[in-house]
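Take a look at the structures below.
One chain, chain A, links the two complexes that follow: it is found with chain B in the first and with chain C in the second.
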Partner chain A sequence: MNQTNILAGKKVTELIPDLFSGRKLKDRLFLIGIVIFSLLTISMVVLIIGSMILKGYHQINWAFFTQSPPDTFQAMMAKMSGKTIPGGIINGITGSLYLVGIASLIAIPFGVLIGIYLYENSKKKYAGFIRDITDVLQGVPSIVIGLIVYLWVVVEITHGYSVLAGSVALAIMMLPLIIRSTEESLKMIPDTLKEAAIALGTPYYKVVMRVLIPSSFSGLMTGILLAISRILGETAPLMLTTLGNPAINWNIAKPVSAVPLLIWQFYNDPNMVDLIWSSSLFLMGFVLLLNILSKWIAARQK
Partner chain B sequence: MNDINTQPSILTIENLSIAYDKDKLAVKNVSATIKKNAITAIMGPSGCGKTTLLRAMNRMHELYPNISTTGQIRLYDENIYDMSTIKLRRKIGMVFQRPNPFPTLSIYDNVIAGYKLNGIKLKRSERDEIVETSLKNVTLWDEVKNSLHKKGNFLSGGQQQRLCIARALAFKPDVILLDEPTSALDPIATAKIEDLLIDLKENYSIVLVTHNMSQAARISDNAMYMYMGELIEYDETTKIFTNPKETSTQNYITGRFG
Partner chain C sequence: MNSDKILKYILFTASLLILLISGGMVFSLVRGAMPSFHEFGWKFIISSEWDPTQGREQYGALLFIVGTLLTSVLALLIAVPLAFSTSLFVAEYFKNTRIASVVSTMVDLLAGIPSIIFGLWGFYILRPFIVSIGLSDQGYGIFTSGLILAFMIIPYATSLSNTSISMVSNELKEAAYSLGATRLEVIWNVILPNARSGITASYILAFGRALGETLAVTMLIGNSNRMPTGLFSTGNTMSSVIANQFGEASGLQLSSLIEIGLLLFVMTTIINAVGKFIIKKLNR
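Showing the complex of A and B:
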C-alpha cells in the first residue's frame, strides 16, 4: 500500500536510471579501491626485489658461490680502491643446506606421522589436544625456541654451539607446518579410494603407505617445501644454537654458518655492507625458487 | 522358498544382526543362502540395511566405528569372521557405487593393484596374463590395450567402473559384491555393465545391491527384499516380481512406497 504512495506521480523511467547509476558508481569505486590496494601490495614486493637486485648484483660472481667471506681488512682495502669485495658466502650456503637438511630429516618423519595420526583419529580428544598444542608451538617466538634448544642441546649434549643444536631448533619450527599440511592434504583424498584399497584385503599400514601417501604426495611436498622456505631465513634461533663459522664445516657437533647469520655479521661490519645485499638477494632468490617449485608440484598433480 | 533351496549355495548367512552404537540395529537377524553362479539382488528403500548386509559379506562394515556383529556368514563351510580379512577379501571382491580406480597408478597397475598393495610377487608373464584376462572379462581390453601404462583418468565413468570390476576379478574371487555399481553411470554404460554381469555369473557368484527395481528384474536370478533391517522376502526374482508372498514386498514392487 505504502509503495504505491511513494511511487505516485513518478514515472518508472525516472526511477530506474537513478538506482542504476548509484550501483554502478559503488561498483566502480570498489573496483578502484581493490586495484589501488593490490598495486600497493605488489609494489612492496617489486621494490624489495628491485633494490636487492640493484644493490646486490655486482657482488654476485663465481667467487661469491665458491669462497668464504674476506676478513674486514681485505674488504676495507677493496672498498678503498673501488673494487668489489673479494670472497663469498660458501660457508653460509653449505651451512644453511646442512642445517635445513638435518632439520628436515628430523621434522619430516615426525611431522608426517603425527599428521597421519590426526587424520585417522580426527575426532578423538587426544587428537584435538595435539592439534591445539601444534597451534601453540607455531606461535612460540623463534628466539624462545632458540633459548630452549640452547639449554637442552648446546649445554647438555654438544657442549658448545653446533649444527645439531641449530637443526633441532629449525626442526621444532618446521613441525607444526608439516603436521598441519599433512593432515590437510590427507583430508582431500576421497574415502572411496581408501575403501578400494581395503576391499582388496590390504592391511591398514599398507593402505597408508601405498595409497594415501602417494595420492597426497603433491600436497605433502608443497607443505614440506613451504616449511623449508619458512625456516631458511630464520636468524634468531641460529644465533643461540650454531653461532656461525668463518669456514665450511661438516662436523655435526661443531658450529656452522648460515646465510641469514652472515647477513647479520655483515651488517655489524661497516666494511662488508655491500655483501649484505648480495647475500639477501641469494637468500630471497632461493626461497622464491622453492615457492615456485612447490606451486609447480601442486599444479602438476592435478 | 521351494526352488531356491535346491540350487547349490556359496554363502550361508545365519542369524546375522549388525548394530551401530549399541542399540541401533541396521540388520536384524537375517538368514539366507546366496546361490552359486547366480546374480542375487538386494532391494529395499534407503536405510533398510541392504548396504550394511552387503558389506558384512566381506567385513567392510567393520570399518564403521562402534559396530557389533552377531551371527555368522559362511563361505562354503568356513566362517568368514574366523578368516583373515586379507584371505577373505581375496575370495570375496567388492565394487563400489562410484568408480574408484587408483589415480596414481596406471591402468595395468590398477588391475593388479590387489597383488601390488599386498606385496604379492608375480612373474612378469603371470602379471601380463592376469591383466589381459581380467580386462577381457570386463570387455575393456580392446579399448585400453594400447594405453595400458597410462594413468586411467582419461577413461569414461563406465570404463572406470569396468576397470574396477577387473581389479576385483584379478584375484579370481568366488564372489563379487556390487554396491549400486551403475547409479553414477549413464544408461548406455549401465547396459554394458549389466550385460557384463550376466556373462560373469558363469564363473562367479554375484551379489548386487540396487535401488533400481527394473535393473533387479532385468538381470538378477534371485532377489531379496529388505525393510527396516529385516529380510522380508527372498525368492527367485520372477516370483518376487510376479507373485510376492508379503504385502510389504508387493507395495514396494508396485511403487506404492520406497
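Showing the complex of A and C:
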C-alpha cells in the first residue's frame, strides 16, 4: 500500500531508468574495467606457456630424454653450425624423480598421520597450536628452508651436498600442504559413517584404515599430487642442498641434478640457451599434468 | 596397551615432528647468525655496507631489506587491482558460468608455474620489451621484478578473496538490488563491507609470499649492492643475496647470510601471522 503512494507522486518518466545517466554509466565502465583486468591476468598464463612452447618444442627429441647435457664446447659447436644442441636432460629427470620420491616417502606418511591427529583432536588447544605452527611452516620462504637444511644435513650428516639434503628440504615444504589437505578432506566425511563403524565395536586403527582413509582417498590424492607439483619446480632450496651433478647419480649421499637446477645452469651459460626453453617446457608440462590430474580426481569425487 | 592407545600414541608422536622442525629451524638460524650478531650487533639492520673483501669485512642488511620491501610493495600495488578484478569476475559477475571456471583454472595454472620459469620469461621476454620501450637501459631492476612478482602472487591474492566474495549472502544483495542499486553500488556497499576482512587477509598473505620469492627476483633485479634510487634502478633483495652469495660464502659472510635468512623468516612469519589472525577472527 505504501509503495503505490510513493509511486503515485512521481511522473512516469522518472520511473524509467535512464541508461546513460551517471550511475548506469559508472556501472558499465566498472564492468568493462573488470573484464579488461581479468583478461590481462590470464593473458600472462597464455603468454608464458605460449612462448615456452614456441621456443622449446624443436629441441625436444629422443636424445633429450635419454642423454646427459653436452658441455659448453659441444653446445657452442652445434650452435655455430646451426644444428640443434646434442644431448638431453636425463640426469635432471632422474634426479628430480629421485628427490621427489624420497621427499614423498618422508612427507606423505608423516603428513597423513599428523593430518589425522589434527582431525581427531580438532578441539584440543595443543592441536590448534600444531595447526598454527603448520601454517607458519607453510609460509617460510623456500630459500630459508634451503639454508636450514644446509645447516642440518649438508654440514652435519652428509658432509657435502647430497640427495638426502635436497629431499629433506622438499619434504619440509610438502609436509604442511599434505597435513592441511588431509585434515580438510577428513572433515568432509559425514560423522555418521565413522559413528557406524565405532558402534560396531571396530578398533580405532581399523576405523582409520578401513573407513577414514578409503572414504577420503581422492581428497588425499589431490592434496599429495598438488604438493608434488608445487615442489617439482622448486629451485632455490636445491641450489643450497644438492648443487647439481653432470651425470646420473643414485648415491643418496652425493650431489644430484634436477630439472630446475639444470635450467638454472643453462641460464648461466650463454651457449645453452636453446636447452633452457625445452627443459622449461618439459618441467612446465609435467607440473601442469599433475595439476590437471589432481583436478580430475577431485572432480570425479563430486 | 591396546591397539587404540598405540595408534593414538603414534599420531601424537607424529605431531611432535612439526614442533621439532619449527623449533629446530629457529634454533639453527639463531645459532648460525650468532657470529655475525656478535660482530655487528643491531647495526646489522641499519647498515648498508656489504663488503666481503678479506681483512675489512663489513656486513649490513639494509640494502637488501629495502630491496625486498620495495619489490614486494610494488608487486602488491600491481597485483591488487588485477586480483580484485579477477575475483569479482569469477565470484560475482560471471559466477558459476563456464567462462568463470576457465578464468579460475587459468589463475590456478599461474600458481603452478615454477618461480624459475617466471624468471626466465621475465629475463628473455619482458626485459627486452622494457628496454625497447625505453623505460630503462638494461631492463633489470625494481620495476621488472615487481611486475613479475605481481603475477606470481595473484593466485594467492585471489583464492581466499574469491571465497569471501561468493559467501556474501544473496538476501543482502537482493535487498540492495530491490532498492534500485546498480551492480557497482551493490559491490561497493554490500559485497565489499561484508567480504572486507577475507579480502584483506588474502592480500596480506600474498604480500608474505612476495617477500620470500627468490629466483624470479634474483634473475631480474640486477643484483647490485647499492641503494635503489627509483623504480627502474637495480638493487638486491634478501633472498637473492642468499641465493647469489651462498655458494662461495664462509665464516662471517656465511653467518651474515644466515642472519639475513633469520630476518626474512621473522618478517614472513609476522606477516603470515597477521593474515591468519584476520582469517581466524573471520571464521568465528
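List of remarks:
Note that in this section the second predicted complex is superposed on the first by the 273 of 302 C-alpha atoms of A that agree within 3 Å, B and C clash if a C-alpha of one lies under 4 Å from a C-alpha of the other, contacts with A are read in each partner's own complex, and residues count from 1 in each chain.
Everything that follows uses one rule, which is that a residue touches a chain if its C-beta (ideal position, glycine included) is under 8 Å from a C-beta of that chain, and two chains touch if they have at least 3 such contacts.
As the structure is a prediction and not an experimental result, all values here were calculated from the model.
With both structures placed on the common chain, the touch criterion links A:Leu288 to chain C but leaves chain B unconnected. Contacts of A:Leu200 after superposition on the shared chain: chain B is touched, whereas chain C is not. Of the two partner chains placed around the shared chain by superposition, chain B is the only one that A:Val211 touches, whereas chain C remains out of contact. Comparing chain B with chain C, more residues of chain A are touched by C.
In the superposition on chain A, contact is made by A:Pro190 with chain B only, not with chain C. According to the touch criterion, the shared surface of chain A, contacted by chain B in one complex and chain C in the other, consists of residues 203. Listing the residues of chain A that touch chain B in their complex gives 190, 192-193, 195-203, 206-207, 210-211, 214-215, 217. By the touch criterion stated above, chain A contacts chain C in their complex at residues 23-24, 26-27, 30-31, 33-38, 40-42, 44-49, 51-52, 110, 113-114, 116-118, 120, 126-127, 130, 132-137, 139-144, 147-148, 150-152, 172, 175, 179, 203-205, 208, 229-230, 232-236, 239-240, 260, 263-264, 267, 276-277, 280, 283-284, 287-288, 291, 295. In the complex of the two chains, the chain C residues touching chain A come out as 2-4, 6-8, 10-12, 14-15, 17-19, 21-22, 24-25, 28-29, 32, 81-86, 88-90, 93, 103, 105-110, 112-118, 120-121, 123, 125, 151, 154, 182-185, 187, 205, 208-209, 211-215, 219, 239, 242-243, 246-247, 257-258, 261, 264-265, 268-269, 271-273, 276.
Chain B contributes residues 58, 60, 63, 85-90, 93-94, 96, 98, 100-104, 113-114, 116-119, 164, 167-168, 171 to its touches with chain A in the complex.
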